[in-house]
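To start, I am sharing the structure in question, which I have written as structure tokens.
A, B, C and D are the chain letters, set down in written order, and residue numbers restart from 1 in every chain.
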């Protein structure tokens, strides 16, 4: 325990983790949908900081670019363009029964992941080695090239599916021009 | 050692802040004067005694003194936070701008990637500002800004990829060095690199990068988010006083930052041929600032020349022209890189 | 020129000639030339070789025929046709269908009242037929001619059929007429006040509507020559002086 | 009759299924209040727009914020006083507003205006037209986002206003017309003297020079604005008024001519001696915003041509016909319309023989031009509101009177 306390990075970790925990709590409890999304930004930012502490620079900026820069912005964009009430919405709140169920599920998930990690590593010290972009690139296009290509195909399919779903009748579009 | 670290950090932060503020103020002054002369006016003339050089400072003082008005209908916390988020996203870019071989606050391996990632945070700030103002014009301005930033983030990234392929690194310093040591068909006569090589090899990428930067910065002809004749002032409508100043500074600081990134990526950054690295640490900033000034002048020139596009036309430009061209540019660059 | 409108079509000849008194000068006769000689005006369906003024005359008669009213005059190159209120819309649609006068110029009304609150009254109040005269002007797009269709509704709240479906531009004109004179246009898509606040009462362009500021501060209202408004000079003459500076 | 085309049916079914998807994703309608205080509504116009995202479903213009009741006020003013009133209707071309009113009164009185006065009226009317159109051609790009043409055009407009001021004493509200002629300059002697010189010394030469500069700035605008790709992208094909629709709504002036007609009252009526000068009536083809812009730019050039010709051929002579000291207009009724910069402006004057009109109906161009707006703005985009609104070139004083 004393060891743990003497390491400055651990203090940082604890502070960020606590902040993340609070932000995550706000995500699910806020009755204002935009506030919830902004709390999610804080949560994701916290995770980016955690990765930074672990020296995984590439992951950090990927999280920032993809999650904060793209996903969250799209979230906010979608919320604002469809319904953007200032203030609070009652329908975002759930009855206690549902809340309890959600708490149980979340707790179970937490325990499951925590137990898996402890079971896998135990007290073993994982040395954080700095991975460069070059390493990641070589791994991706060397060892993992097949999964990489499969994932890109899946993404392409999802993209096309999204377009088909969101597409309006071409006649309508012509009319609107 | 640990003290040394904090002192260095403090100095670096102060420098970054100073560079950003001075850059923003100078470009504001440039905008005032250049636009004036383009419109056969004189522009600011009295503040500071000569050429009105202190006009941006005077404006800043005025803004600081002004009462900050927070309307009843705003979502106060988000409203107050938004300018900081926007300014932070812009400020963070300055950390990696290399002013000389060693004159960089943080030489990241992932410099380019970092710039693109961190600058996207401003979008969240803009959306926050637009939504929290509780004003329909603001909301529409925020939405336009977000739609436009999403659309132009892609060509911006794709335009950079060509440079990254050529340089073989994501570090901004590395890219400058790669340009300095660029070999034309296996030889490096320095005089051949008097014109920055990527300006020629990545001319298409440069054009796309500049266009996308204009859109990222919401400057004419892509200034729909704050189109004053349509949306009053867009997401800035309800802001006043110091918080408005922050947006204002952020806009110009962003312009300087993107001009600096563009100069670094395409114009050789701080590098000047026939000059040793040691000397570059001294004259590098001057070289870079000259290049930045050229690009900033270009931005200002465009603003006072062009009308404003429509939102759908802007999206069409992004998705139908810029992104396909940028993709083709990547393919061509990659093929050429492999061939030569 | 200044004589009152004649009721017979026969007199239109001289009226037309008089209509443009300033252009007796040699070069200023282009417009009459079009109307009088006009071999070029082949668009008119009745091109006649008859003497000059009759062209407009014939046209006027034809318009009157289309409208189906024999109460018409033609002066100042304008055919003024009176119709009964129930034939109002028909008459306008008829003139539109004629094609000679396609341009919707305006629609408005005049309040003919014996007693007026402000301004000059009519010359002979005793034999005045009190009414609201609604007029709609349709003009030619080729020359200076026009048709004014006139109808009368009672001052005590008349109603007319709306012509907003005939001429889109009539929409706002009718709304203005509605709030200023209190004429109801039946079938108007959106008959609400145009200029005035919703809570405004009264119909300002009616002759019995007083100018309130004038009640408080009499004309001419120049501050430097009169005392500040007090109760004494409220009674003062509403037309103490006039410029006559021409 | 009742056969069902299977393909259509499938298409309909698909459309329906897609519609049900897009209903969930649909943006709720939002009421957007544009104005009365808004940077681009030229005064106090309020548009209540129902928007779906950036798309406009319907627009209801709300006017009357500047209603001054001139028709009522005219009933308590003498004719001389009304002249001062009416040039405040469309204040960017104040002088042009006086002409039809004065001519209407003169026609009822049977007064013949001396030629020189008519020429002066004509020159000043055209100057007012240039000043009005220069405001439009410079502020319209501003509304689309280009700020620079404004400065260049307003610089030359200033010269035009100086000319107007030199003659009349007023930049915006000249109040220069008198029944029977124009106002003699102070100190120029008796108004009945035959050879009275009213125009300021050097006016004719200065006018020629100013016209040259106006023509130059038109060329500047051509290079700055007309040829600009973005300007064209914003205006070509936007806000098309078909000719029949324009006539239906009583749209007039450059707005109507852009739709492809040469309906110009300067050619068709005789309120001023326009038939003595050679000039073209520019006519558009598409009736879109770009054509409306182009019409006005061309009209500036034509107006310059007219002014130069008029300045070259202005006759000498008296400025004022003989009229009684106290003006009383004989009973009668006349409508005189004129081609104002904004379109057809007319005064329907009903006199009962007194010193004041019995009724003065003021037909203003902007009123009718603006009434086409709800139809025109349906199913456009929010940025198009401004492009279309600006292209109609209205002045709220001219709408509300």
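Operating definition for what follows: a residue touches a chain if its C-beta (ideal position, glycine included) is under 8 Å from a C-beta of that chain, and two chains touch if they have at least 3 such contacts.
All values reported here derive from a predicted model rather than from experimental measurement.
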| item | value |
| --- | --- |
| Identity of the chain that, by mean CA position, is farthest from chain A | C |
| Chain whose Cα mean lies nearest the overall Cα mean | D |
| Intercentroid distance (Cα basis), chain D paired with chain C, Å | 22 |
| Computed distance of Cα centres, chain D from chain B, in Å | 44 |
| Interchain centroid distance [CA atoms averaged], chain B/chain C, Å | 63 |
| Chain A and chain B: spacing of chain centres that average the CA atoms, whole Å | 28 |
| Residues of chain C touching at least two other chains | none |
| Contacts with two or more other chains, residues of chain D listed in rising order | 53 |
| Per-residue multi-chain contacts in chain B, two or more chains | 143 |
| Partner chain A, residues of chain B touching it in the complex | 73-75, 78, 108-110, 113-114, 116-118, 120-121, 123-124, 127-128, 130-132, 134, 139, 142-143, 146-147, 149-150, 153, 170 |
| Complex interface listing, chain D residues touching chain C | 63-64, 67, 69, 71-73, 75-76, 78, 80-81, 106-113, 115, 118, 178-180, 245, 247-252, 261, 263, 268-270, 273, 275-276, 320, 323, 325-327, 330-335, 337, 344, 346, 348, 350, 352-356, 358-359, 361, 363, 367-368, 371-372, 375, 400 |
| Touch list for chain D against partner chain B, complex | 30, 32-33, 38-40, 53-54, 141-148, 150-152, 155, 224-225, 228, 230-231, 233-234, 381-386, 390 |
| Of all residues in chain A, those that touch chain B in their complex | 32, 34-35, 38, 41, 57-58, 61-62, 64-65, 68-70, 72-74, 76-77, 80-81, 84, 86-87, 132-133 |
| Interface residues, chain B side, partner chain D - complex | 35, 38-41, 136-137, 140, 143-144, 220-221, 223-224, 227-232, 304-313 |
